[in-house]
Structure formats: structure tokens, C-alpha cells
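One chain, chain A, appears in both complexes that follow, with chain B as partner in the first and chain C in the second.
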Partner chain A sequence: MAKYLIKRFLYMIFVFFIVSILMFAITKAVPGDPALKMVNPNLASTDPARYQIALEEARESLGLDQPLPIQYIKWMGNTLTGNFGFSIQYKKPVIDVVGTPMLNTVALNLFSLILVFAITIPLGIISAVKKRSVFDQAVQVGSIIGYSLPVFVTAFVFIFLFALKLPIFPISGTATPGSDYTGLAKFGDYMYHMALPLIVSTFCSLGGILRYVRAAMIDALREDYIRTARAKGLREKVVIYSHAFRNALIPIVTIITSWFVSIFGGSVVIESIFLWNGLGNTLLSALRNLDSALYMAMMMFYVVITLLGNLLMDIAYCIADPRVKLQ
Partner chain B sequence: MSEKKKRTGSFTLTLRRLFGMKEKETDILKEEQMQSPFRTIVRNYVENKVAMFGLIVFILIFATVFIGSAIWPLDVNYQDLTQQNVSPGFNMMSIPSGLKNNAQDVSVGSIFAVGVDRDGKLYQWGKLTDKLKKMPDDSQTYVQVSAGLDHAIALTSEGKVVTWGNDRLGLANIPFEVKDATDIKQILAGYQMSFVVTESGNLYYWGNENALTISVDPELQGNIDKVVVNLTTAFVLTKDQRVVMLSNSTTPFANIPEEIQGNVIDIAANDRAVAAVTEDGQVHVWGTNDYGLFDVPEAAQGTTAALAGGRFHFTALTTDNTVVSWGNDIYGQASAPHLTDAASIEAGYFQSYAIDADGHLTGWGLKGYLFGTDHYGRDVAMRMLAGGRMTMTIGAIAVIISTIIGVIVGGISGYYGGWVDNLLMRFAEIVMSLPFLPLAIVLSAIVGNRLSELGRISMIMVILGLLSWPSLARLIRAQVLSAREQEYVTAAKAMGIREFTLIFRHILPNVITVVIVNTTLAFASCLLTESSLSFIGFGVIEPSPTWGNMLNSAQSSDVIANYWWRWVFPSIALSLAVISINLIGDGMRDAIDPKSNER
Partner chain C sequence: MKKMLALLMALSMTTAVALTSCGESSGDSPKDSTESTTSTESTDEESSGETTATTGGQIVIGSVTDVDADMFPGWTTSAENMSIFRLLYGYTTVDYTKDFTYEYDPQVVTAHEEIENEDGTKTFKMTIADDLVWSDGTPITAKDYVFGIMLNSSKEMGDLEADTSTGADYVGYEEWNSGESDTFTGLNLIDEHTFSVTVKADKLPYHYEITYASVTPYPMFKLAPDCDITDDGNGATMSEGFTTELLSQTIADTETGYRYNPTVVSGQYTFTSYDASNYEAVLTINDKFKGTWEECYKPSIEKIVIKKVNAATAMDELAAGTIDLYAGVSGGTEINKGLDLYDQGKVSYANWSRSGYGKLQFHCDVGPTDSTAVRQAVSYILDKNEFAKQYTGGYGKLVYGAYGLSQTEYKANKDKIETELNKYEYNLETAKEVLIADGWTLNANGGEFVEGTDDVRYKKMEDGSLQPLVIKWACTPDNPVVDLLNTMLVPNAPLVGMKIEPTVMDFNQMLTELYTPGSEYNMFNLATGFYPTIAPWYYYTTDTSYWGIYNNNMISDDQLAKVTDEMRYLVDEDEWNAKWLEYQKRFNELCLDIPLYSDIYHAFFTPKLQNYVPDGMHQWDQTLLYAYIDENATEVTATQGE
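After this line comes the complex of A and B, so read on.
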């Protein structure tokens, strides 16, 4: 296991560098000179010579005068030591920009995760136990529809119903504008604003997870030990909830783990519709404004998250099911 | 001859097999024969009602989108500011029954029309705004009406002018000269402007003077007979039968032919050209020659008595009481019906009306839009057809790219194993660990800005294809790995078959079912990904439509609440397409592997 982990870890580092080179190359392909944004354009007409000097200086300060490999090494060195650069859009270091959005994204996804599993586990169990019943078939078709519906369509429908026709929830933002709540009232306001994005993101995840839980449960119910348990004359409730469900939890736990990591990722579409100040929205605005330091840092963050997610899933699988051996 | 017969026989047999029908029962032995796996799959699929429903829905959507967009090609750059946010429905020409056979005067507004009957009662129909619905006092009797972009004016029998509809931009401020006048001859509601001509030959106008910058020469006042306007300028017909343009500009509208001056009996203007008819019935057109506006039909040339202009068409009334229309005919506004006793005509925007001697009112032209229009006045239904074709094409090509890469990589990796397998699978893992949506956004934001429209669309297909093959490759690899150990492969190898043939003729057909199911499901997810990308503005961008970017402009609570047709219809189309494809994929998986249904 330890050997596997080390191997896996080294491999992750390798992938990280490959992807970072790829990302760096893409960013360098961006048309336009970022140094131009740092120099006062009026200078060009009034004093061309000084403008040229200022431009050179700006290039030098950004390190653009050096060959690409050296630029890459410098950037990578800075990134690895925690210096992610300076966001030209927010006029702040990148590390200060992403703090609040990350908290918002984690909060939204964490609540959504709890809700999704609170709904899908009981539903999945019932539909697996009553396989091929009307209920099961309704759940099956419903879950196909659920995971087929585009996120933004669901979002529009919920906005239309619960924010416009029945004005229960606010449409966008993370807090009531102009309010200065403190303590519990602030938290309440925050949750109130989270309601719609939370409902939408939960609704959109239900279908896929529901099918997964159902399949895991059906697999567990087919095992020999279930037959044994029934043969012993155990009550059906005990068979299902004690014997089958515990074993069905193994694949479910692994999927929760992989999800737990993607909690940090954030949904670009949901966050942009509800103007939820999260990581997805930050990435979008960084891209719209060609804020390269910010989106490069975020992309590398996403890559690390994905790689960590895969690793964590393997480990979780191994812990949850002792029969699995990692090699 | 007999050969031909045989061929048709085998063809119908194939068809029957394809649709899983039973072959004719010959004898009991034959019935007990085994079914080919393919036929079992088809039969299983056909018996699955949900999956068949999905297949039928998808075929319907696919056929509508591809055939529809071929029949009605979309001009992606077409915009019409006068047709913004029109609600769906075909009531723009549903003339009220009270007016139908008793009409005195009608006038066409942008998306509505007003009319007055011979008893002086006002009517309006079409898409009415809340302000338009507040019609003026019905105790008055009216004699003339005129409709503009979003307001209307009417003249009472006592010579008073009333205005309703949009009351901003100074449209409600009727000048004192008009209020006091008792000899009003013509009223005209234009684009955010209202005009009045008096019997004494004076022209008064009020409204948004920034929309139409015109000025009337003081020498002209007292000599004006009729005024016509379009969205950019205005013309008057003087009492001495000359045509004068009311704005100083060098547009083609200013090229008034000299030879007609002093001889004109009627004029009409649309937004591309102006037409004038002289005493000998000849029609002269100047301006811009779009939609064949300069090609006056022979039926009208030399016999015209009166003219009317819409937005891109003209309608003429001839001396023998027939009507002729020409110009843009996309809504049938230039396809005049055959009338023999028309007494007066009226045209505006995309409709024309004719009133005959008995007051019978006939209309032709735009009836409405099936799914309404968007904020640029573009027909949502037409954009949905073209957008659906774009969405499906992008999804299909992306899936084809990813399937080809996936099959090749997975096949090679599974068949050869060893270091090739290791290398390819590591590579697949690297691609898999790229965060999909963020990377696609970055690529289309950075590379896409430099490309043409077509280049951008192809780039999206390629990005989607290049980033989604690894899962298929893994699946194929697993399938090939297990197939490699089967006896038939060993037998084929023993027979000395070339490796290429072995892989593609022997192993591939045995894993193809998995490929088909996976491709179907991947197609659905490609549709979703493309729509999401276009929705957030990093996929296909305007003016090319896709179902995703049509929803992009609907992202405000105002649109969601008030212009529901702009998001409801594209949403339904996209959702139905994805759901039906997923149902098909699911049904196919169950049909191929009945055990999967047990799970």
C-alpha cells in the first residue's frame, strides 16, 4: 500500500508538470501584450521615446523579455512557493482574491452534498428493494430525466417558479445588498441567498447518484450472504438495512470521496446564473478579463484537485473494502 | 429477372430482420432455430416501450431540425428592431368581426393594427402592449386612424386628434396648433413620431425628434398635401405634385428623379426605397434596390392609382381596383390576393390590407411568430431550427472524433498490452485529469478569439472530441483484453490471419455493441457540454444560434418572467433531445445485455 501510494504520488507530480507546461503554452498563445496594460497609453502620443522605455520596463518587470523556458521555470518556482502572482483585474495578489470565493463554493457544495445523499440513499434503497415495481420504474425514468436536464434549464425553471412567480427566494448574490447583519442574522441571510443555487445544484445531482446507489444496492442484494441471512429467518428489515445496505455503502463511500474533492471545484454554470461569488464565477470573470495570473493559478488548482480526487478515491476504496488490494 | 426477384426478396428480409419482425412461419423446425444476436437485441429494444418512445422523439426532433432548417434557411445576421420580443401566436391579422365587413380605415403598426369602422368605432388587434390596451373614449366617433411602432393616433369626426399607446418621448404632447386645428386632413403615426397634415397644407409633428431628424422649410408649409415616413426620414407630397424629402442627407433616398416632379399623385415609403406614382399611372422607385423593390410588376406599371409602403414592400392599388404587392415576401406580404373591387389600400411593417367598396377588409402578410421573437426581433422558431442543427452537428462530430480516438487507442492498448498499453493508458489518464469544463473555457476563450466563426465552431467540436475519449478508450481496452483470450481469436491467429484483419474484422465486431451504447450516451453528454459552454458564452457565439447560446441572452429575471418564450422553447427542445438520447442509450444497453436490466 505504502509503495503504491509513493508510486502514485510520483506519477501525480509528473502529470502535474505535464499539464502545467500545457497550460503555460496555451496562455503564452494569448494574443496581446500584457505589458501594454501597465503603461499609460497617452504617453505614446506625447512622448514616444519615454513610452518605449516604460514599455520595456514593464516587460522586464513581468519577465517577458526572457525566453519561454526560463519564464516557465520562474512561474513554476513562484507557484510552488505559494506566490501565485498578481491579479490585474482585482489589483490584488491572487491568493487574496480566491479566499472568499473558495469559502462560498465549499459552503454551497457541502450543503448540496449532504442534501443529495440524504435524498438519494433512502430512495435508492427503496427502489432497489422494490425492483421492477411501478415506484422503481418511475424513479428510473425520473432519474434519467434528472441527469439529462441541463443545469441552466433547471435553474431557469426554479427561478421562474420560486423567485418570480412565487417570490420566496432571492435570485442572486450572497447577501442582501446594503444590509449589515451580524452573527446569526448574517448567517441566516447567507443561507437564504444560498437556497435557490442549493436547490438547483442538488436537483441536478440527484439523477446520477440515485442510479449509482440503486445499482450498488441491487448488487449487494444479490450476494450469497443475503440469501444466507434470509435463510436464517431474519426479518426483511434487518436483511436490508443491516446486511445489504452496509455492503452497498462501499461503492457509495468511494463516490462520496470523489465528490468531496470536487466540492472545491464549483459549478461554473450555477454560480454564473445565481451570481454566487464562488470559484467558478471567479474563473469565468478571470477568463473574460484575460487575467492570466488568476486563471492560471485556478487551473493548476483544478488539476491538483482532480489528481487528489483520484488518489483519495483509490484509498477510500481500499479502506472501505478490505478485499481490494492496491498494486 | 429471377435474380432481381431474389434481390428484392433478400432486401425485404433484411428490413424485416432489422425491425425484428418474425419471419414467415414455415415449419416447426425452423421456428425453433436460434435467433441471431443482432435480432435478439433489436427485439429486446423494440419491446422496451420507454426506449422506443425515446427513439421516436429523437427521430422527430432530428428530422424537424435538419429538414426544417434546410427548407427555411436562416439569415443569421437578420435583425429587426421593430419586432422585438413579440409573444408567440398568430393573431397579428385576426381582424375583429365587427370591422371585417364594415371597415372605413385601417393602419398597421409594428406588431398590431388599428382600424375604424363606418360607424366610427375603433378596433385594434394583434400584439397589444398594456398601454395600447387603454383605448380612447369610445363615445366619440372616429374617422381616421394611424398606428406607429408602439403608439396609435386617431381623428374624431369633430376634428380632434387623440393618441394612445406609448406616451413617453413626447408622444403624448400634442401641439397646440393641432389641438386647435379644425381642418385636419391626414394623420400619421410613425417610428416614435406623430404627424398631422391640415387642409390648409400645414404639417405638424411631435414625438421623439432624435429618432427622426427632419425639418420643414417654412416655404413648404401651406403647400403640403400628404406626408409619408419610414424609420429614417420623411417625405411630403406638395399640392403642386412635387416630392420633397424632409431631412438633409446623402442617403439613396435623396435621389428623387427630376422628371416626376410636378406630376406626382401619390407617394409611399418603406425602409429601403420610396415609390411615387405619376398621373399616367407609372410607378417610379428610388432608394436602395433590395428585395427587388425597383422591379415594379407589370400589373401595376401604368395603371397604378395609389401606393402604400410597408417595411420592405410596396402595395399598389390599380385603376381597375386590383391590388399588387412587391418587395420582400418572407411573410407573404408581397403576395397580394386576387381582388377585383378594392377601394383603398394600407400597408405597414409586414402586412398589407385592402378595403373594398362594401367595406370588406382583406389582409395579407405576417400573421405572427410560432415561438415569438427575441430581443433583436429574430424569429425564435427559425433560430431553434438552425440552432438545433448546429448543436446536433457539433455534438455528433465531437462524438465521432472521440469515438475514433477511443476505439483506436483502446483497441491498440488492449490488443498489444505491455509497454504500449502502459504508455497509452498513462496518456489517457493525463487527459482525464485535465478539468474538462475549465480547460474547454480557457481554450475557447484564448484560441477562439482569433478564429473566424466557422473556425471557432470547428474548434469547439475538436476540443469536445479531444477531451472526452479516455473513458471510451478504457472501456474498449477492457473489452478487447477479454476478447483477446477467447477461443475464436486463438483460432483466427492459428489460421494465420493478419493482425489488422484480426483486430478489425474479428475482435471489433464483438465489442462494437459497447461502442454504440457508449457513443449514444456520449452524444447526449456532448450536447449538454456544448450547450453549457455556449450558455456561458465560451462556445458558439452570436449571431450563429445554438440551443445553448439562445438561452444566454435569457439570463435575466426580466426575460425569465416576461419573455418566457425566449427560454421555454429552446429549453424544451434541448431537454427533450438529451432525454431521448439517454433513453435510447439506456434501452440499447438493456437490449444488448439483458443482465444489466437485472441490476
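After this line comes the complex of A and C, so read on.
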């Protein structure tokens, strides 16, 4: 196991550097001059000479005047020491930009993850056990609808229903405008504003997982050891939860692990519609504004998270199924 | 949090690696101030009784652009932050009046003197009122004004990546800005309430000359607490200790720095909070604010919340009451949604003409759009009236030159503009005529162009080569203007022997092409504004070193350059307006842009917001000074602006 982990870590380092070179090359190939974002555009019409000087200074300060290999080495060196650079869009260090969005994204995704699995696992099991019943068919139809509808359609329908027709939830934001709540009241207000994006996010994710759990359970219930367990006279609950579900867990673990990784991935659509200030929007905005330091830092973060997630998934497999050995 | 994030990211990587007056009521009630310029109608017959402005209430302003954390000028150019700056940073010596002129604010400047110096420089000497105080009660002195210029022109601020061009027009700027000298020779601290600024000779005369005397105070006791400014007669000298390290603590520190938390301000409002998570800034009325202009205007609204809204749901937010004001709405679809709410009695509205327009802009340095005739022909083949109607849904007008309908220059020349400029009415035959007259009469083989047989016209160039009439258009994705042009302009091109080739690209890439002389692209879809000042002498200079960001039409026309250069030095308003008309005529003749639409902007707001009368030359923050909150108001109003 230890040998395997060391090999995997070496492999991850190799992949990390390859991806970083590719990312850097793609970033540099993007047309546009990031230095333009650093200079006050009003200066162009009031003092062109000063504007030109400011532009040159900005290029120098961003290191754009140096050869590409030097730029890469400097960027990588800084990144590895925790200096992720300066955001030209926000005019401050990248680390100061991503804090709030990361917190919001993790909060929304974590609650959504909990809700999705809290709903889909019992529902999937019941659906599998009551296969082809009215209940199962209703769940199937519901899950297909949730799975098929584009997120933005679901979001607007839910806004129309729960914010306009039945004004239960606020339309956007993370807090009541102008409120000065503290402590629990602040948290309550935050959760109240999270409700609608959370419901939409959860609703849109139910279909896929539900069908996955159901299929895994149906497969498990067909196995010989289930027939044996029933023949032994075990109670149906024990058969389902101790024998079938434990075996069905193996493929589900894969899904849970990959979802855990996605906790850090923001949904651009949900964040944009509900103005939930998260990482998805931040990344999109960085790309649109040629904020290379910001999006490079975020992309490399995702690369690392994905590599670690894959490793975590393999280890989780091992734990869920003792037959699997890491070699 | 910052450290945790750094650790998390680094760890993960390294694992792999009122309107109240000064003391007494001014007598100029909020309602009085609007009636002279607008016509107001009410959905009901008459407003029930007069309402007087009292200080209080809260307004939530919905903005589709981000409000960022910067509460200090120099870093951000966000429009909403600019509005916030105007509310936080007050007592500017020369400011923009509601009558569209720059004037000394009599509440701030008690005496001023303009001195023409022998070396061609000009000194603006100002004495500030002795009753100006910061929001914490500390007196504002001339030193705070001098400090404001020195700070925002300093090398130290430049080291923090801030814009440091504030004092660039004053003598001695370069030496101070480069860090070469600790004295800014063009600034003089005369006494506790008097200071002067001396403008470089090469910046004079200048049409907007009075703006050189526009100075805003900055709280030196907060930003550079252990520093001092002295003046031995040779300029303002900063004491030792004014360093980048000091400013990174007092200004740039993300937790306590003035950039993010301006605790002491001079403006109408004080800073209360910024919530990055909710894209929201909160300002509270500054009860120490003295007032502004002769009438001593003071704000009436107690609390202002600026909150980001999604354009798709902004009207819903207004209907739900989560925002109170949604300003600058354009496009038929959105405006009609707002008007539906007005019809339902839920919101009031006001509209005004935009000081700018959407346009197709040409590059004039490479063919075929280096030919005026070709540019004119493109204009002739687009039905601009129909385009404007379709794009704006009827809430827009056409303009024929480089102006907006709310510009004072346009108002002064309105009749002549409407009658003397070429409107380039849609006419395919005229388009053909101008092309033929310009020599676009050949086909690809050099023979005569035959309509119906040949696709594209060619012209024989001086070197004997044939140039095709193919226009390369750099356009942006997901843009309704582009979509409409693709159906209303591009299909008409072949009808006159022209071909327009659209290339969709990211906006940043389009800007790069726009700023590149000799770019392969001839045409760009953009929008432009003329608020509050214009500088055409830079935009149309024939000096090619200015081509790109300044002259991005890449036009070299001596007549246009001469006219616009002369404008710069005109101080007299009538002369300026007359010269401006000349500039418009030449611009129109050269057809450097095809103006497509000039919107009629709308502001929609809840009935509690009273006396909100916007115009094209002021932003919401400037308009809000004269507005007030009446929580009991239920009647909706419609204000048709100019």
C-alpha cells in the first residue's frame, strides 16, 4: 500500500507539472493584453503619454516583458510557495480574492451533497425493492424530469414559484440587503438565502444519483447471496440493508468520492442566476477579464483536487471492498 | 481565513505541489428642483398633498455591474464604485453642477484666484472654508487637499499598483511621481486654509481648465499619521516616513486599510460595510456633511445599499421589493417589463436620453475602409431607423455624429445638427453611386463589374493591384446588436457588390484588434459615451504615435485633426460649441462610425423614492442628492426626461 501511494504521488507530481505547462501555454496563447486592465482607461483620453508609461509599467509589473520560460519558472516558483500572484481584475493578491467565493461554494455544495445523498439513497433503495411499482415509476419519472431539464430552466421555474408567486424565498444574494445581523441571526439569514439555490441544485442532482443507487441495488438484489440470505430465513430488512446495500455501496462510493471533489467546483449557472458569489462565477469572470493569475491559480487548484480525489477514490474502493487490493 | 486559504491551496499543490439645508431650510424644496426640467405625470389625478423631505429611510439600489471592495479611488474603474467614491469623498473644490457645468463649490471654496505666470504656467489659488470637518469631527485643512494630490501622485501608491496620475497636469509631477524628489513644486501650502496648484504651460489653455482646480481632501491624519507636509515657498514637501510600507498598512491592509474600510470621510455618506459575498455596499448619511452648492444641498436618505442584481431577475426583485431603484435600464424587453410594473401600480419610472450611442466603428488605415466612400456605402445599406427601432424597442433615437442627445453641445447646436448632417438614409442605389464614383467598378479579373454576374466589386489601386470590396468585421458573441446586424446589414452587402465577413471573437481580443494599427479587421461593434467631458483632440490626432488606444479609428485627416485640436484651447462656451459643430460635420462627412442607436434610458423605482429625476450627464449618486424617501407614498409617477 505504502509503495503504491509513493508511486501515485510521483505520478501526480508528474501530471501536475505537465498540466501546468499546458495551462500556462494556453493562457499565454489567449489574445488580449492583460496590462490594459491595470491602467486607468480615463488616462488615455486625458494624458496619452502618461497612459503609455503606465501601460509599460503595468507590463513590467506583471512580468509580461520577460521570456515565456522565465515567466513560467517565476509563476511556478511563486505558486509552490503559496504566492498565487496578483489579480488584475480585483487589483489585489489572488488569495484575497478567492476566500469568500470558496466559502460560499463549499457551503452550497456541501449542503447539497448531504441533501442529495440523504434523499437518493433511501429513495433508490425503496425504488429498487419495489421495482416496477407505482412508487418506483413515479420516482423514475420525477428523476428523469430533474435530470433532463437544464439547470437554468429549473432555476427560473423555482424562482417564479417560490420567490414570486409564493414569496417564500429571496430571489438572489447571500444576505438581506442592508441587514446588520450577527451570530445566529446572520447564519439564519445566510441559510434563508441559500434555500432556493440549494433546492435547485439538489433537485437537478437527484435524478442521476437516484438512478445509480437504484440500479446498484437491483443488481445486488439479484445476486445469489441474497437468495441464500433469504433462504436462511433472515429478516427482509437485514437482507436489504446488511447484505444488498453493503454490496451496492461499492459503485456508490465512486460517486460519493467524485462528488466530494466537486464540492470545490462552483456551478456557473446557479451562481449567476442566484448571485451566489462562488468559485464558478469567479473563474468565469477571471477568464473573461484575462485575469491569468486568478484563473491559473484556480485551475491548478482544481488539478490538484482532482488528482487527490482520484487517489482518494481508489483508497475508498479498498475500504468498501476488501477484495480490491492496491498494487 | 486568508492564511487558511493559502495553506489549503499551497498544501494541496505541494502535495503534488437631506435634502435638508445648512442650518435652515433653503426654500428650494426637492419638488421645486425638478419641475423646471421635466414633465411629470401621475397615474392618479394628482398627488395627495405635498410631502416634505425629511432625513431618513433606506434605499436599496440594484446594479447589474459588480460592486467591488475598493472604497478608495486608484484601483478600480467599476461604475458603481465610482458612484460610491462620489458619495464618500466630498468637499471637492471644483465639481460638476446639476446645470452641467464645472464650478467652484461655494460651500468649500471661500476665495479663489487664477494667476497667469510669466513662464506660461497658471496657478489656481484656493481658500477653503474653515468649517469643513471629517465625519469624525476633525477639521479639514488645506494640508488634507495638498496631501490628496501628493498621495495619489506618489511613487509609493504606484508601488501598491494604484493609479498615480492625479497630479500629472501640475508642475513638478514627474520628479515627485518618480520618487526623485520629496517636494512637489507645483503644489503650495500657503496657510491652514489656503493652498495652490500650478498647471504646466503645455496643458494650457484648455477648455476644461477649471477642472485643474478640482481637488479632493484625503485624511492625512489617518493615512500618513506620522508624516507632515511643509512648504518653504518652493513647493509642498513630504516629511520622511511616507513610505510604501506605511501605505500598505494604512491603505492597502485587507482588514484595516482605508482602501477597504474608509473610517473617516468627507462626503455626503460614510462607509458602513461591504459584503463581498452579497456583492453589497452599505453607506450611511454623514451628519457632519455641511452641504454643497449655493443651496447647500444635503442628502435626505439615511442609508444607501448598493446591491448587485441579475439582469434577468432585476425587475422581479423590484416587484418583490428587495431593491428600490433599478437605473440605466435599456432595451425594449426590459423597459416593457418595467412599464408593466408601472401599469400595475408597483413602480414609478423616469427616463432620459443616453449621453452616448452604440455604433459600428471603422478602421481607416487599411483598405477597403480607408476609403470614405466605402464607409459611407456601408452606412447607406443599413436601415438605421429600423435597426434602432428593433434594438431599442422604440426606446431609442438615432444620432448622426459623435454625440449623445443629452450633451450640452448637442443641445446648443440641435437645429443645425438635425438639418446639416448627412443622415445616410437607407438607399442601396446611393450606396452603389458612391462606390462607383470612388472607382469600385471592376470585377475579380479586372473587367467591368456586372451586377447579377459578379459578386464583389474591385478597385484598381495605385500599385496596379486589385482590391476586393470585402470588409472584415470583428464582432462579439452573445450580442443582440451583432445578431441584428447579421440580419439587417450583412445580407444587404452583396446587393451593392460588397461582402461583409463577420468574425466572432472575445471582447478582449476585439479590443486588441481595435487598438492595433494595420489590423486585418476593418469594422468593430462597440458603444461609446460622452460623459462628462470629451477629448477629441486625442481621438483624431494625425500623430501616428497616438494611434491605437487614442485614435482608434486610425484616421489621418488634417481637417478633423485641426478642428478638434483647436477645440482643446477654446475657453469661451460659444466658440467651443461652434467648433464642436464643425467637428461633428467633419466626423459625419468622413463617416468614421455608423451610430446605430442612442438609448432612452429608464430608471424604475418603488413609490417611496421621491423626487428622483435622472439625466444623461449625471449618475444615480448625483441624482440621489435631491431625492428623499416617503415610506407612506403609494402613488406611482412617470417622469419624462430630456
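Keep in mind that, in the parts below, the second predicted complex is superposed on the first by the 302 of 327 C-alpha atoms of A that agree within 3 Å, B and C clash if a C-alpha of one lies under 4 Å from a C-alpha of the other, contacts with A are read in each partner's own complex, and residues count from 1 in each chain.
Here is the rule we use: a contact is a pair of C-beta atoms (placed from the backbone, for glycine too) under 8 Å apart; a residue touches a chain by one contact, two chains touch by 3 or more.
Note that the structure is a prediction, hence the values are computed from the model and not measured.
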Which holds for A:I319: it touches chain B only (first), chain C only (second), both, or neither? neither
Is A:L80 touching anything from chain B or chain C once the two structures are fitted on A? First, second, both or neither. second
Of the two partner chains, chain B (first) and chain C (second), which one does A:A195 touch, if any: first, second, both, or neither? neither
Between chain B and chain C, whom does A:L307 touch in the aligned arrangement: first, second, both, or neither? both
Which partner does A:I126 contact after superposing on A: first (chain B), second (chain C), both, neither? neither
Partner chain(s) touched by A:S272 [first = chain B, second = chain C, both, neither]: both
Which of the two partners, first being chain B and second being chain C, lies in contact with A:A297: first, second, both, or neither? second
Quick one: is A:L164 in contact with chain B, with chain C, with both, or with neither? Answer first, second, both or neither. both
In the superposed arrangement, does A:P177 touch chain B (first), chain C (second), both or neither? second
More residues of chain A in touch with chain C or with chain B? C
Following superposition on chain A, which residues of chain A contact chain B and also contact chain C? 15, 31, 156, 159, 163-164, 171, 272-273, 288, 290, 303, 305, 307
In the complex, chain A residues that touch chain C: 9, 12-13, 15-17, 31-33, 36, 38-48, 50-51, 54, 57, 61, 76, 79-82, 84, 86, 90-92, 95-96, 98-100, 102-104, 156, 159, 163-164, 167, 170-175, 177-178, 180, 272-275, 277, 288-290, 297, 300-301, 303-305, 307-308
Okay, in this complex, where on chain C does chain A touch? 1-2, 5-7, 9-10, 12-17, 58, 60, 68-70, 74-77, 158, 161-163, 165, 168-169, 254, 273, 275-280, 282, 303, 305, 307-310, 312-313, 316-317, 319-320, 322-323, 505-509, 511-512, 534-535, 538-539, 546, 549-550
In the complex, go through chain A and note every residue touching chain B. 11, 15, 18-19, 23, 26-27, 29-31, 141, 144-145, 147-153, 156-157, 159-160, 163-165, 171, 215, 218-219, 265, 268-269, 272-273, 283-284, 287-288, 290, 295, 298-299, 302-303, 305-307, 310
Contacting residues of chain B [partner chain A, same complex]: 50, 426, 429-430, 433-435, 437-439, 441-443, 445-447, 449-450, 524, 528, 531-532, 535-538, 548, 551, 554-555, 557, 560-561, 564, 567, 571, 574-575, 578-579, 581-583, 586, 598-599
